[in-house]
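Okay, so chain A shows up in both of these, paired with chain B first and chain C after.
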Partner chain A sequence: MVVALTAWLVAIVIVMLVYAGRHWLLTLNRLLGHQRPYMQDIVDDDLPGVTVLVPMHNEEQVADGVLTALLGQHYPADRLEIIPIDDHSEDRTQVILESYAVRDPRIRPIYRRGEGARGKPAGLNEALEAARHEVVLVFDADYQPPPDAVRELALAFFDPEVGAVMGRVVPSNTTSGFLARLLDLERSGGYQVDQQARYSMNLVPQYGGTVGGFRRSVVLSWGGFDPYVLAEDTDLTFRLLVRGWRVAYANKVECYEEAPQTWDARFRQLRRWARGHTQTMFRHWRGVLTSPNMTPAQRVDGLLLLGIYTIPPLILAGLALSLSLFVTGTIPLAATILLSFFAVGYNAFGNFAPFYQVGTAGVLDGMRERLFLLPYLFFMFLFNSWAVTLGALDAVIDVVAGRVPTWEKTARFRT
Partner chain B sequence: MDVSVDRRALPILPHRAYRRPRALTAGSVATSVALIAAGEFLVVVFLGRLADHYTRASAFLLPGGTRSSPRPFLGIQLRPLQIQIQPLDYRALLVWFLASVAIAGVLTGTHRIGAPGRYMVIYNLAMIAVSAAYMLFAGELGYGAEAFSELYLRSAVVIWLVIPVFLGGVSLFLPFTMLERVLLVGASFAYNVVFSAVRYALFAWILSWSGAVTMASLYLFFGPLLDFVYMVGVFSMFLVPLSRRLDREGPQDAWTWL
Partner chain C sequence: MKVALLVGLGILLVAVPFLPGVRELRRPRDAEPNRIDETFTRDPRFFGNSLREKLAPFLEGLPELPVVRLAVELRRPETLAVYTELHVPEGAHEDALVVALGAATLERGTRLEEMWIRGDADVGPGAQLRALACDGQVTLGAGARILRWLDVEGNLLAEAGSDLGLSASAAGAVRLSPGCTFRRIWGRPVFVRGEPTETAPDERLTIEDEVVWGRTRLSLPPGFTLDRDLVSLTEVRIGAGASVSGTIKAHGPIFLGEGARVRGHLISRKGVVIGRGARIFGNVFAEGDVELGPGAHVGRKGGTKTVYAGGRVRIGPGGAVLGWLIAERGGRVE
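What follows is the complex of A and B.
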């Protein structure tokens, strides 16, 4: 029994060593390797038509901000339409959208009411039917895209191999409190190093569901998004990859978001991400293994990316095993110390960046004093691990019990 | 490139999207590796003497503290602290178990403490409850006072061996100066030795009145896990001046593009 538990603990440590190696390589690439720039050589006035979708549910606090930012885009007015998707809002969202639609013909809201599937993927499907253009960009309602964001992101589709594009997410509310500042560090590691390195190394940059876009005809060709998948972004990424499309990453296209400001909101967000991502893992791992359109390196990175939400449950399992082995007096020293390292190293589950990756990103970003917060990420590790573990369990129960997941949006804090 | 222009005086800082530190060269990395190897060599050479002074200091800090006879580990002789653990009868164990479960239950329902802090307290209470339950059924934990003391000391020794490689490794490709690298590893090491020696005595003192129920929590949460947290803390203290320096130096001197 003790031998089996020890072997299990060692197996967990080996899996985490593989992930540590992956992040170490990504960090080295960002520091030492040639960086792949994003479409900076394309300057063209003949820009494609773009439809911007903005999923909304009770967004009266933030609707003005995102619509004003989108109307201020440096993009030909006759080639831009904006479709806010009001998904069963019960506040003043509809009133706000109506007032904008009257003022500017580029805004064509959709009001989803009555029966039918709810949530972001279902809303996107309805909007895709109504969209007029091939290039579709998505911004969540709490985002504030800078004036050139739409132009920059649309450029990616001049590359015929690109099926989706992703920009960089930067929290705007870092003065609101400790949590938002910690999330700023996490995001920095996840985008500045992780996504950029994966793009440079031709691995698997991920479309993140906001500050990004895709080809309308491609998504419609497979019947749109599955309304019962919570991580429609990861699902889209892997559907594209196994079919031979590529995801472009635009590190220079920075877009401000409102990071969660309460632990409760963060917990729900993480749990939803973990549930959706695990659903996607169940769907796509075989496709990643067998697709003739992916390189061996992309297969490995794709599988590691799909499995990344299994790390927190593994850490919790490792801690439980350590306790079992401790009370029986048989704890293996090296494995325990390594497990401790991983518990500290993998505390930033939001974007899965270990501390050395976050630290490197912070230096590249010129974060200065913000980097003092690095060790405080440790204090989130049990919180993060528990939220992600519950989310992964939700996904397993969904599969086993045939349960249909329901969408839950992240709380807004702007006043 | 036009060498007649003072590149440090160029006013535009490279955009953060694609800049990389310029200072890293094969030579500087090789020097850093040699430095790490030298640090590791010193730790290995002085490991026995360090462990001896370390346990002496802990014994000095612990009221009535004494050391046990030498026992071999990784080629050196360790003399762990002699720890007197408070024996606990079944009533005391029941109290520990019920109190831990009750406090954890109360904390689960309260939002007055921030969620991360709450989760950590509950995690430690869970370890105490599991230990108490195990002792109620099995009579005692797998580790006695002597074995725990030796486990703690062995962990400390392994962590000393890990520090130069670990911190040297994570900082290897960041453009620290040689002095900063030495200070980063040295400060972490010195802090670890001092902090760990004080903690060793503190653990022994806690176990002398709490009994073995807190042993798992002390080792698994406040032991090696915490060591890595302050290593990351020391690392961050060196990152901040590095970040400042890179932004202060002339644009083309500190950064390279793509």
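What follows is the complex of A and C.
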């Protein structure tokens, strides 16, 4: 028994070290390696038709912002349509959308009411049926795409290998408080370093579902999004990958979003992400292992990406194991020191954006005093670990009990 | 006592990394969001138009004198010299910002900073300018050098060995000569003077007479026609006179034989070599070098396309791009 527990503990440490190696590799690539260019510099007067989808549920606080930004895009009017998807809103969202639709024929809202599956994937499916163009971009309702965002994202689809594209998310409400500032750091590391390095190294950049897009025909060819998947973006990433498509990452296509401002909202968001991501892991790990369309490096990175939300539960398991082995006197005090190292190690190596990734992103982005907040990411790590653990457990329970997850929207804070 | 001291020291050591952050949290100095320029739009002629916009207000109500000197405040205090007609003699030097309301002639070896010429500009051999916006035509003499950028409302003629700086743009045509170097050129079209001359056959462009679907390369024979996109994990070779109606994407280099035609784009994770007289109607995007052979054309009449090279660009005589030509590591006319 003791041998088994010790072996399990060692296995967890090895997994941690693998993630550590991956994060170091990505960071070193971003600092020292060749950076793969994106196509944003291409100027072409023959752009593809684009349908922009904006899923909305009770978005009266932010609907004006995203629609105004989309109407201000530098894109040929006859090749752009905007479909806001009003998904059972109970506030003034519909009124706002109607007023925009009257003013501009590019806006063709869909109002989802009555029975049927709710949530983002179901809404996207309905909109995909109504969409007129092959290139489909998706922005969340709290996003404010700058004027060239649609053009620059659409360029990715000149590449016949690209099935989806993702831009960079930048929190706009960093002055709102401590949480938003930490999330800003986390996002910087995650996009400026992690996503860009994965793109440069031809690994697995991830379609994030908020400032990005995909090919309509490809998604429709497999029947659209699964309405009962919580992380339809990750699901799409891996469906594309195992079929030989690639995801492009456009680091210079930056877009403001509203980061959660309360710990409760962030906890719910993260728990939902972890649940959805783990659900996706259960669906795709075999496909990643066996797909003939992925390189060995993509396979490894894909598996590590799929498993990233299992790390916090593993850490907690490792913690419990160490404690039990210590309490029963099986291992000496030194093990607890190891344990502390382990926890700190995770903060350094296994979190969504370890501190050195954030620091690297900070240097690349020209951050100054905000880098002094890096040590505070330790609290974020503890918070994240708990939220992610619960989310991953949710996913396990979903599988075991046959429970169907329901979509939950992240709260908005704009006034 | 000793224990208390140790505990206190321990707490202090743990707290130290958090202390600088306390100040930032209490009195934020770097709390604004990462800046996204929400007015930015990709405009190859941005520099020239921006300078014109900045200087235009200073030109209103000036006395009619051959030259007027003004103290202006742009990024820093500067002197603005406004000439009705400008002639800079051989070897002369001017530190001020210069505006010429008419034509300008810069003789051999002159040195100037930023200029706005509202007539035509004749830049002599070996002259050196920091930046030039011109509302007429520009002739850059042999060996003339632009340090930053050049923007022309009319046509631009660059003589042999001239350096077009980091960005050169023209609303009209850009005619390059052998030995010209550049980073980014915008023109409708950008082309190299002279007819293609006979050159030694490029061995890299030798392509078999049969289709090769290999693990290390993919090859379409001369005269072959393919009416779809082509994606390859290795290199791609397209034979002379072959025609591809879709886009070619390769993780290795792409070699396009003499007279081949591609209706779509060429996208390579390495380099692209375009043979003599080949035509690409879409964009060319290469993470490595791009070689545009003699008489090869990219783009279509009346349209705008881009050739992007993450590495270097080399253009042969008679080569042309209708739109934007970008060489991140520098380009050169052969």
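Keep this in mind: the second predicted complex is superposed on the first by the 388 of 415 C-alpha atoms of A that agree within 3 Å, B and C clash if a C-alpha of one lies under 4 Å from a C-alpha of the other, contacts with A are read in each partner's own complex, and residues count from 1 in each chain.
We take it that a residue touches a chain if its C-beta (ideal position, glycine included) is under 8 Å from a C-beta of that chain, and two chains touch if they have at least 3 such contacts.
What you are looking at is a predicted structure, and each value in this text was computed from that prediction instead of being measured.
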- [ ] Report clash or fit for the pair chain B and chain C bound to chain A in the combined superposed model.
- [x] clash
Open item on the list: Quick one: is A:Arg368 in contact with chain B, with chain C, with both, or with neither? Answer first, second, both or neither.
Closed with: both
Task: Partner with the higher number of touched chain A residues, chain C or chain B - done: B
- [ ] Look at A:Gln206 in the shared chain and tell me whether it touches chain B only, chain C only, both, or neither; answer first, second, both or neither.
- [x] neither
TODO: Classify the contacts of A:Phe267 with the two partner chains as first (chain B alone), second (chain C alone), both, or neither.
DONE: first
Open item on the list: Taking the superposition on A as described, I'd like to know which of chain B and chain C A:Ile42 touches: first, second, both or neither.
Closed with: second
- [ ] Return first, second, both or neither, reflecting whether A:Phe383 touches chain B, chain C, both chains, or no partner chain.
- [x] first
Task: Footprint overlap on chain A, where chain B in one structure and chain C in the other make contact - done: 37, 254, 365, 367-369, 372-375
Open item on the list: Show me the residue ranges of chain A that touch chain C in the complex, using the header's touch definition.
Closed with: 36-37, 39-46, 74, 144, 146-148, 151-152, 158-161, 170-175, 178, 181, 184, 188, 202, 254-256, 365, 367-370, 372-376
- [ ] State the interface residues of chain B toward chain A in the complex, per the touch definition above.
- [x] 15-21, 24, 111, 114-117, 119-120, 123, 127, 130-131, 134, 141-143, 147, 151, 154-155, 158-159, 162, 166, 170, 173-174, 215-216, 219-220, 223-225, 227-230, 232-233, 235-237, 239-240, 242-244, 246-247, 258
Open item on the list: So in the complex, the part of chain A that touches chain B is made up of which residues?
Closed with: 27-28, 30-32, 34-35, 37-38, 168, 192, 196, 251-252, 254, 263-264, 267, 319, 322-323, 326-331, 333-334, 336-337, 340-341, 343-345, 355-356, 359-360, 362-369, 371-375, 377-380, 382-383, 386
- [ ] Show which residues of chain C lie in contact with chain A when the two form their complex.
- [x] 17-18, 20-21, 23-25, 28-34, 36-42, 44, 229-231, 246-247, 249, 265, 267, 269, 282-283, 285, 287, 303-306, 308, 310, 323-324, 326, 328
